[in-house]
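Each of the next two complexes has subunit A plus one other chain: subunit B in the first, subunit C in the second.
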Partner chain A sequence: MTDLNIFQQLIYYFSHNGMYVLSQFSRHFLISIYGVLFAAIVGIPLGILISRHSKLSTTVIGIANVIQTVPSLAMLSIIMLGLGLGVNTVIATVFLYALLPIIKNTYSGMESVDASILDSGKGMGMTRFQLLYMVELPLSMSVIMAGIRNALVLAIGITAIGTFVGAGGLGDIIIRGTNATNGGAIILAGALPTALMAIISDLVLGWLQNRLDPAYKRAKTSK
Partner chain B sequence: MKKIVRLFKAALLLLVSTLVLSGCGFPGLNSSANDTVRIAAQNTTEQQIMAYMLSDLIQHDTNLKTTLINNLGSGSVSFQAVKNGNADISAIRYSGTDLTTIFNQEAIKNPKVATRKVREIYRDKYHMTYFPSYGFADTYAFMVTGKLARQAHLNTVSDLKKLAPNMTVGADQIWINRKGDGYDGFIRSYGFQFQKVYPMQIGLVYSAVQSGKMNAVLGYSTDGRIKSYDLKVLKDNKHFFPPYDASPLATNKILKKHPELKNVFLKLKGQISLSTMQELNAEVDNQLIEPQVVAHRFLVQHHYFDGKGDQ
Partner chain C sequence: MELVALKRMELTYVFLEMKHLSKVYGGKKAVDDFNLSVAKGEFICFIGTSGSGKTTTMRMINRMLNPSSGSIELEGEDVLKADPVKLRRKIGYVIQNIGLMPHMTIRDNITIVPKLLKWSEDKRNERAKEMIKMVELPEDYLDRYPSELSGGQQQRIGVVRALAADQDLILMDEPFGALDPITRESLQDFVKDLQERLGKTLIFVTHDMDEALKLATRIVVMSHGKMVQVATPDEILQHPANEFVENLIGKDRLIQAKPSITTVGQVMYNNAVSITPGRSLKEALKLMHEKRVDTLLVTDDMGILKGYVDIEQIDYNYNTATSVDDVMTRKVFYVNENSIIRDTVERILKRGYKNVPVVDQDKKLVGIVTRASLVDIVYDALWGEPDATAHTKKEPVTDIKEEQKVGDGKP
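Entry: the complex of A and B
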């Protein structure tokens, strides 16, 4: 093994443990996705709610801000006290961190909708639900998507330290690399896919965000 | 005002439904579904190989799913995980370690007596089953480079006495602080101490002694790097380190719920000798192969998937 350089070692590692890396990759991705998904389920309605009742907005965003300032390893340990070891703890941690970007972006997306458009909607006799569903949400969708994109990239990073509570994922490979004798290649084998996952999901969601942008749609229909 | 109440109700409903959903386990993660067995493994190579071996066999022989609680820091952490219901199985428990560090009892020098005692305590106090050993025992061992051993004629730990005042030694941080069979006990039993003992991550001690950063280290007798680095294991001539028979542990709760698990543990009874374990460890530590892959290859090579041990 010692006669190979680190990149040859890396290739050797992938050729022998490819399936294992793949399974940890999908596990890592699923943990991040679940956390963000729950955060979206809770965060988007909450964001809409606080845009309607602006008195609540400072409190809710303040709380989310406070959550964000707790270091992730500390958060993981605090939640571990309640939920114990394992994957649920990591999903709960990811959920809490993903809340702020999603709530904040939903809120600012809803706020940025022009009051005159809302007025004309009302003038057409739309109900409140129709206004939300047919006017406000489509107009703020790309901003909300930007929040989800932020949250997912954040989540992938947090999931990597989930290995400390036994959740698995690519962090497992990184930690094993630090324990092994010539672990350089193993550390890379865990770190590169993690970085790649973050970059690719950022690109894909960025593309989606552009597609959802009302300006993009207008440009397309006017052609 | 009514509207706010209604919105709050809606938000509450969402929150409750998420919590309920998360209680059911997440698809693809085998998190907390009813037919999942959770196996706790520590952060050592050996633990992870055996955990994956158990996991593979359980998935093949029964209809259960498995998930690993991996990378736990020490024997007591993995025991706590099983005790608190975060895990159902602990992949390897070393009888000697459990006796002194978890039950806080005096070390027992006779391996058979120690194992019997540990099994009794697990059964009566914790309602867990301590299965028969995999066939290898792991113990702490002092090791030096082969070169130093030949130069200074070192064969036993007592031979270190004349060199000890000038020696730096790397050892597991858990060992240094523990009572009974820890460093204090070692000084009392052997009658000498080293110039300095550095607490180290156990996986790093072998390369530390090989590269000359430490004069001697305390490592595990099963590690594959002993062979590949040409290290000399010094004989424990005062029988200070208690025997650490390696066996799996499972809660009686999970065994009652899934009685078929018992056969899986018994299949591996006595199947892995010390030299086999050293080889498997070496594949992981030197050959860049993941514990899961090593475990799977072993089971395939020894025909566990085509009927071995099935009645």
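Entry: the complex of A and C
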């Protein structure tokens, strides 16, 4: 083993533990996704709400900001006190961190909708709900998606430290590498897929964000 | 004649009535005791400086704002008791910033209100096609997005969007304020034409006096929330209520007012040579020869304008066609006898017609405006002999009477 260089070791590790890495990869990904999903379920309506009641907006965004400033390891430990070891603690942490980008982007997305468009929508006889789903949401969807994209990349990083509360994921492999003597290859075996996951999610959501941009539709038809 | 009388009756029927309307913002009266009755088919312009309450008044009609006191009745129903959402679907609404939905195609934009009213998709598609035809844009524009259209085209769509669900009342808030002068003018023509043709009632807010004079049947001048004057464009030009109105009109316009408010009916020659479609080409040619003209207007037995036929058409088709009906051109540009010459001159010159038939309310032919009569008008405007037109207009070119299809009333 020692006569192999670090990349050969890495390939060796992958070839023998491929299925293990894959299962941790999907576990890691799902934890991140669940956290962001719950954050979106709470954050998007909250963002819409505060765009309607601008007095609330400073308070809500302020709270989300405070949450964001707590170091993730500390947050993980605090939540562990309540929820104990395991996946749920990590999902809760991811949820809290994902709230800020999602709320903030939903809020600014809703705010960015041209007032004259809302005025004409209302003037044509749309109800508040129709105005929301026919006009405001479609027009702010790309900004909201940018928030979700931020949140997901953030979540993948946070999930990596979830290993400390026994949630599993690619963080497990990284920690194993740091504990082993000459574990460089094992660290890479955990770290590279994590980075890859973050980059690919970013690209995919970036593409989705562009698709949802109203300006994209114009580019598509006038080829 | 009875028909005309009926029409007049209909005109006097009150369509929209605002009584003692006020709107108070934090102790300041934005609109103060506003009273106006609007008949169906009227084109009302609210004009005033910014902060005069004109937009506020307009927005109270479709409940975008709720009045502090007063009442609004639309077709006899109390607007203030109506469901605002349902009310707004009955009233067209056009704003300065166009307000087309950037994420929807032109088709979807045009049919927003029909969709809100749950029309079937077929019906909506059909309506979208009708509307795009009305703005004279190709049908494939329906699948484009607003950002692919020019500002003028977008506002045209904005205007027909307000008509798409057969709204009878249309509110427009400085709709052409952001457009360049040439585009603005063509849109003004478009709106005026549309309103006259479809008989819609328009409430139009503007701060441009030219626009108000050109479009309105009645102008409401507002200042600091109060109505200063309500009158037709002619009356406003001739008898401005006070200094404020005078300033709003501008000294230049007051000087020009005399010639510029002459109607087409006053300057036209009322001896237009016409023929019925059933006559033969031979007869048409004979008539042309007798009257020394190269074009005959075609009217039916009632005197209603149907088209025209000129010497080229007759010459070209003389051997193949028999009656005037076969060769006549049915699309004909005409003007109403009551339209103001100031607006009409430009339209005639722009299109380069040698002569333009003049019709009355019922599309009955009453006379003709030729380029020679335009010379008189321009001459008068420049050298200011107000009586010169009066002399020429009564003088017939020829004195043959029996072929004339002159409308019953003098202009």
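Please note the rule applied: the second predicted complex is superposed on the first by the 220 of 223 C-alpha atoms of A that agree within 3 Å, B and C clash if a C-alpha of one lies under 4 Å from a C-alpha of the other, contacts with A are read in each partner's own complex, and residues count from 1 in each chain.
FYI, a contact is a pair of C-beta atoms (placed from the backbone, for glycine too) under 8 Å apart; a residue touches a chain by one contact, two chains touch by 3 or more.
Bear in mind that the values here come from a model prediction, so they are computed numbers and not experimental data.
Overlay on subunit A: subunit B and subunit C fit together in the combined arrangement.
Chain centres taken from Cα atoms put the angle at subunit A, between subunit B and subunit C, at 170 degrees to the nearest 10.
Of the two partner chains, subunit C is the only one that A:Leu139 touches; subunit B does not reach it. Once the two complexes are laid over each other on the shared chain, residue contacts for A:Thr127 go to subunit C alone; subunit B is not touched. Once the two complexes are overlaid on the shared chain, A:Ile186 sits against subunit B while remaining clear of subunit C.
By the touch criterion defined above, A:Ser116 reaches subunit C but does not reach subunit B.
Which of subunit B and subunit C touches more residues of subunit A: that partner is B. Note on the superposed arrangement: subunit B and subunit C approach each other to a least C-alpha distance of 17 Å. Shared contact residues of subunit A, touching subunit B in one structure and subunit C in the other, are absent. Of all the residues in subunit A, the ones that touch subunit C in their complex are 114, 116-117, 119-127, 130, 134-135, 138-139, 214-215, 217-218, 221-222.
Touching subunit B in their complex are the following residues of subunit A: 1, 9, 12-13, 16-17, 19-20, 26-27, 30-31, 34, 38, 41-42, 45-46, 49, 52-53, 84-88, 91-92, 163-164, 166, 168, 172-173, 175-176, 178-181, 185-186. The residues of subunit C lying in touch with subunit A in their complex are 62, 64, 85-90, 93, 95-103, 112-113, 116, 143-145, 147-148, 158, 161, 171.
Residue ranges on subunit B touching subunit A, taken from their complex, read 4, 7, 10-11, 14-15, 18, 22, 26, 28-29, 31-32, 38, 40, 43-45, 48, 67-72, 81, 84-87, 201, 203-204, 206-207, 225, 284-293.
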